[in-house]
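One structure below.
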Amino acid sequence: MPVSSAPVLAPAAPLVSSLRSRFEAVRRQSVALCEPLLPEDTVMQPMLDVSPPKWHLAHTTWFWETFLLREYQPGYQVFHPDYAFLFNSYYNSLGSRVNRADRGTLSRPPLGDVYAYRTAIDAQMHQLLERADALPPAFRELVELGLQHEQQHQELLATDIKYILSTSPLAPAYLSEKLPANGAAGATLPAPSHLPPPATWLPVPGGVYRIGFEEEGFCFDNEQAPHDTYVADFELQNRLVTNAEYLEFMEAGGYRDFRFWLGEGWDLVQQQGWEAPLYWVLRDGGWHRFTHQGLQPVNPAAPVTHVSFYEADAYAQWRGCRLPTEQEWEIAARRFNPDKAAGTFLESCLFDPQPLAPDAAPDQCHQLLGDAWEWTYSAYHPYPGYQRAAGALGEYNGKFMLNQLVLRGGSCVTPESHIRLTYRNFFHADKRWQFTGIRLAR
Amino acid sequence: MPVSSAPVLAPAAPLVSSLRSRFEAVRRQSVALCEPLLPEDTVMQPMLDVSPPKWHLAHTTWFWETFLLREYQPGYQVFHPDYAFLFNSYYNSLGSRVNRADRGTLSRPPLGDVYAYRTAIDAQMHQLLERADALPPAFRELVELGLQHEQQHQELLATDIKYILSTSPLAPAYLSEKLPANGAAGATLPAPSHLPPPATWLPVPGGVYRIGFEEEGFCFDNEQAPHDTYVADFELQNRLVTNAEYLEFMEAGGYRDFRFWLGEGWDLVQQQGWEAPLYWVLRDGGWHRFTHQGLQPVNPAAPVTHVSFYEADAYAQWRGCRLPTEQEWEIAARRFNPDKAAGTFLESCLFDPQPLAPDAAPDQCHQLLGDAWEWTYSAYHPYPGYQRAAGALGEYNGKFMLNQLVLRGGSCVTPESHIRLTYRNFFHADKRWQFTGIRLAR
Amino acid sequence: MPVSSAPVLAPAAPLVSSLRSRFEAVRRQSVALCEPLLPEDTVMQPMLDVSPPKWHLAHTTWFWETFLLREYQPGYQVFHPDYAFLFNSYYNSLGSRVNRADRGTLSRPPLGDVYAYRTAIDAQMHQLLERADALPPAFRELVELGLQHEQQHQELLATDIKYILSTSPLAPAYLSEKLPANGAAGATLPAPSHLPPPATWLPVPGGVYRIGFEEEGFCFDNEQAPHDTYVADFELQNRLVTNAEYLEFMEAGGYRDFRFWLGEGWDLVQQQGWEAPLYWVLRDGGWHRFTHQGLQPVNPAAPVTHVSFYEADAYAQWRGCRLPTEQEWEIAARRFNPDKAAGTFLESCLFDPQPLAPDAAPDQCHQLLGDAWEWTYSAYHPYPGYQRAAGALGEYNGKFMLNQLVLRGGSCVTPESHIRLTYRNFFHADKRWQFTGIRLAR
Amino acid sequence: MPVSSAPVLAPAAPLVSSLRSRFEAVRRQSVALCEPLLPEDTVMQPMLDVSPPKWHLAHTTWFWETFLLREYQPGYQVFHPDYAFLFNSYYNSLGSRVNRADRGTLSRPPLGDVYAYRTAIDAQMHQLLERADALPPAFRELVELGLQHEQQHQELLATDIKYILSTSPLAPAYLSEKLPANGAAGATLPAPSHLPPPATWLPVPGGVYRIGFEEEGFCFDNEQAPHDTYVADFELQNRLVTNAEYLEFMEAGGYRDFRFWLGEGWDLVQQQGWEAPLYWVLRDGGWHRFTHQGLQPVNPAAPVTHVSFYEADAYAQWRGCRLPTEQEWEIAARRFNPDKAAGTFLESCLFDPQPLAPDAAPDQCHQLLGDAWEWTYSAYHPYPGYQRAAGALGEYNGKFMLNQLVLRGGSCVTPESHIRLTYRNFFHADKRWQFTGIRLAR
């Protein structure tokens, strides 16, 4: 039944030395992610949170054109007079634009024109990058921001493509049918002996700690200013919650007992009829999940994902625990200094968080980076001393700092070079289409 | 600015002798209509009334498969087990289906698969049609219905494509830039001397008349049973209302004076901010319309079109006239026996109603067939003696017989062989995306 | 449990000779209808179709003030400068007003002030009526219109009060607990032998008939002009459909079989979860109805009521019959010349349609006037020659002539002196809060 | 034009020694607050956040019945079997209930019955309180909770009544026309010399501080556990922002410049057309506000109120400042130890925040308690160590701990004995119908 799909992206080299080769690698990665898609797929917007892949390809290009070429290329002529209207995302400073809800009505320009747009802008950017040494430091900073921005949209491409394909009654697979050797969703499920060992609690003593970004290199403005914070003694689990553990909550009636839920979450459970994470369906008596490889049985050993904050919090309540704050998460992460190489990132082409090895060390903290974003019980508010930048880029982060929650650690579709311990992602509590998972605290 | 488009459909021969050659011509016509489109265009559903062109291509094919092949081809195996779910339009008798509002979420099957579906079904239909003589008369009747059904969707393709392209900020043209010689929307507007002569009133004496279909050949069930009806003396205008005449209504403040409007129409005018027919925009100080050739100046000599019933009725009220009933329309049309050849139909490839010649005879009735559907002030209710058919085809017409109004005469995108004097089209009073126009009565 | 209520209206004398005594009787009747209510009841608007009783009391008073006193009382000063804004219903000619949906937000003026308003206007009207002979005929016509208008609102008071009380979880009774001797909703249901005899079919020969109002006296503008119409042979049932008959439809699965339903009706059945007429609930294993006497067992002998057009039509389809057109209804009603005295009207204080006597003559047509409005399958459109009046009163009827259906014959809450054979009531097909019933044709 | 209203509540003694006399005083206060209302006013729910005053009167009574009488009065029989369904607010533990949105449809039980309910429950409570000494300590704690709960509803009564009366086109006054001597909204505005002095900045040194309730006496569970927190150096303004200061923001175009706004706030500004705080209207060329005394000129010296968090934050951004966190607010408040007697509370019967005296000391912190709730930029999340109580009362606070912001300090309609420095109130960022104001930090 799944429509066979084109071959998948070749892993992009995550670490390259020069700005120009990084530019090429990042730009190529976005295109590679869309190669398995048909033109018809690239214009779909089945819900408001999702943007059509064609739009992502064009918007990231518009970002380079607007913030780099128009600023630094003398005499630059815009590629198309209407593209600023079509592909501006949310910058009021840059004028009117297509409503977010109408991105899925844009059949034109067609995909071919968008690729031509990318090619033209890339050519101009190459010229500009060749003379980067002659440009002020602010130029290099903006190139860095453009790369980070495009990587954010690569994660969105991966999650939006999954959602788009999931809405088809034909349940088409994005990945070709050959499974990667370490595939998450193989036909053979792990024997119980291959389940990860029970989670352990890693203690962290209370006190005043310093958090926020103060290393060399790039960070988003929302990771600053670095500052002191006080936490009491706490403990964090050494790995993510698994599907097997989450199934216990489901089977214990967790979705039918209001006592574990925040009020707005309980309303959602009832209005939406939630009884499992997003993408889960009962088929032939067993739970399956829609994945980038089509519908696959749920792997009990893998981390649970595609849960809202409400589900993460209810699960924690049911276990008699709680979710960590973002301060606790970062303090613990710095303390346990995770091995980034052990995480699952976009470049793996797995598109699903991976089970922890059965022999994982109980006194280490696993899966902090990659695999699944971890909901924290911290509102996405400005850090002390935070200042919005002047101009349009002041709208990049600051205006979203309300009514959202911080998530930490990146996911299986985050580019590896994009994530840091201080990285603050943020979503509304009801969102489930990202690879969002659970780590418990107490 | 308009994206140049592929060459347009070659006119299909509207009158062919054999059922099989008619089948081929009609099927080819649907594909030809979609040739100027890109795959991205064919999946769009920018409003509920519009279906994606790809869906029309598949649904008409499903109709042949379901009502002909499954019934008459022994041992027929369906082409794809999910297509009945995907491409059933509204037949409860035939099971569950995609919500109408979700037709625009179907990226899969892609356009190529739908064309393959068409090819496969056509091949099977050819086999079946070769042995048509051996099949019962009901078979030929169903083939006829399938042809008429596909022609209805050709009209919808033409109007839905127009609406889809109109929503693009790029305003792409469907027709290539070479205008037909008698093009409706040329750059040079007619001089006032070329406006059609003032409309005349054609009188019809009151009495009992017979209406409804009782000739040989095909009709829809809603045109039956033929029956007597009484009308009082009335007069009908000998041509459609022109853009120039409608502009007088607009300029007299017709859209701002509640006295001419039905209550629900006035509410719409205010909620939607209507101040002109659909597709009209002010540009450079003059009214333009979006057409199949992109944005073009309004031609004052051409019939006004894309008006709702509410606008047609308000216009008539403002003129001190009224709209005809469908009985009056049919009685007058039979009396004046229109020259079908004079009308504008789909095969002309003009996609717009055409101006009446300045020397048109004042004592004849023009534009009754083709050019623009004519709103009547008659509810679409069953005729006396109407019976819904048994089975799924009983849902074809009967269940829509409420809260809609009858339109008569066909339009510039109706296939010429599809229309009759007794033909009853029907839309809700607020609809404007069809080629709907006005003829006055009193 | 039901809150005991104050004594009910004393029947108003329906036929009085002088305009002034009719004015007094009609005005008194409106107040009497509200006497069992508490102030809290009189401000409720639990759905858009319902207006608060206080609003009805004030609006009818505003009508006298606006159309009579302001026109004919020299130097008249309005009672309160804001009341035109508060109590204008839908007359665009008379300026802006409270949104219909917001009538239930008007706590002020309180009920006492509205009664004071009534008293003051009545006093002024008495003065004016005393010198009626010196005023032009148009004055008497407007008084007549004012009386008819207030009677229409008395029917609405009766139905809106029922709806308001029905939404209370306490299910309070409007009528005091003493049942009228011939009470509709007694505790003892009729024995099967007391069911009305099976309905008979009364034949009417086809031909040209004259319909519309052309007698002496008052009629609404929508009953004119009188005109000829043609009908084919038809038959009409000699009584209304009973609850017992309707229960057969319910028990045969009528609400679960799409084949009997118009498309928009079937959508409503599913969206709203309809499985019985409005006000029906299953209680202790049997069907009950909320009535003006609180919750009462369904009386199988009484006419079914509170059904939408969709339910009436589906019932008729299921019986293999149809609903009459309004032309057929009026032609039959004139032919069988109903005995008005036999009907149930507002003055009976029964507030429910009454069963037909078991010995009712099978060759006569019963229940044509009173008891329940009868849905026809006729759109509420203007009669031939209909003209809207000039000025504000032109908005009384004409602007509603679309998307509604004609109902005939009046109901158990219509004032007896208000109804005629030519009377055209109109509601949208989905409305159920009026006393609407079914009579079959074929 | 304002409907004159009955005399207003006599100030309740805020501090009484015995539980029983406090019970009587608090219960009497709720009734006194409703005395100026008419029965029609007491059933209104013009928006979802507002509950009808009658419902508040009944719900607070149900609280005593449910949590005290049913628990501690042996053999207690409920007053009415349906009242738990009608007057339960949000306790899932206590079964199904009227939807919040439907509270305004409850005409029954009438106001008189609700007063009878209050009288009956009070009588039972008196009996129970007489033997309070014989009951376990948990009883006294629950009585205390019931008193605090009823005081919360007194604040809601004051704000909901204001909103209800404001929606009337008649703009009725709640307070009788005699102004209190120190009236907030007098006809004579203060001369500029009477404006409060410019705000000063009070510095607080950074460090680890202890916050949360740890004194003797009552607190809500959300004020616990007391815990350490770290803050950096900060400064807080010594008084609330005034109307005069806020007008500068308005006149500088603050409502038209997206740069000062959070994204969701800017969307609201445009959708709702906000251009001033709630209740402000331009009349005769000057700003007026709807108050408990009807429409009154804006007093430039008084604190601005009825602003959303979005407006408070945009104002702070425009001033180059920010809002305090709740930790900062509490630390500063403890440090400056406010004089409670100086604040304006419910018992003053002023129903509006009062201007600061022109000679207020610049080195003291004013208006911390009373006058207007102060928005903080802190999410309403659980404190470290917070535990929801077992049973129904576990739903009192805990399930609301998301997507709301903490407000501190109480308002002019908070009962004086109800407020504390550790008190955490919480509302969604868009709410404006409470007396919400602004204090700046940096």
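Should a chain be cited, it is by its letter among A, B, C and D, assigned in written order, with residues numbered from 1 in that chain.
As a convention for this text, contacts are C-beta pairs under 8 Å (C-beta built on N, C-alpha and C of every residue); 3 or more make two chains touch, one makes a residue touch a chain.
All values derive from a computational prediction rather than experimental measurement.
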Over-half contact-pair match to A-B, picked out of the listed pairs B-C, C-D or A-D: C-D
Pair of chains joined by more contacts [C-beta pairs], B-C or C-D: C-D
Most widely separated chain from subunit A, with each centre as the mean of CA atoms: C
Cα-centroid distance, subunit C relative to subunit D, in whole angstrom: 47
Length of the line joining the C-alpha centres of subunit B and subunit C, rounded to whole Å: 40
Touching two or more other chains - residue numbers and ranges from subunit D: none
Of subunit A, residues touching subunit D in the complex: 90, 92-93, 208, 227-230, 232, 258-259, 261-266, 309, 377-379, 381-382, 384-385, 394, 399-403, 429
Complex contacts: residues of subunit B adjacent to subunit A: 1, 3, 38-44, 46, 54, 82, 85-86, 98, 104-111, 164-165, 167-170, 172
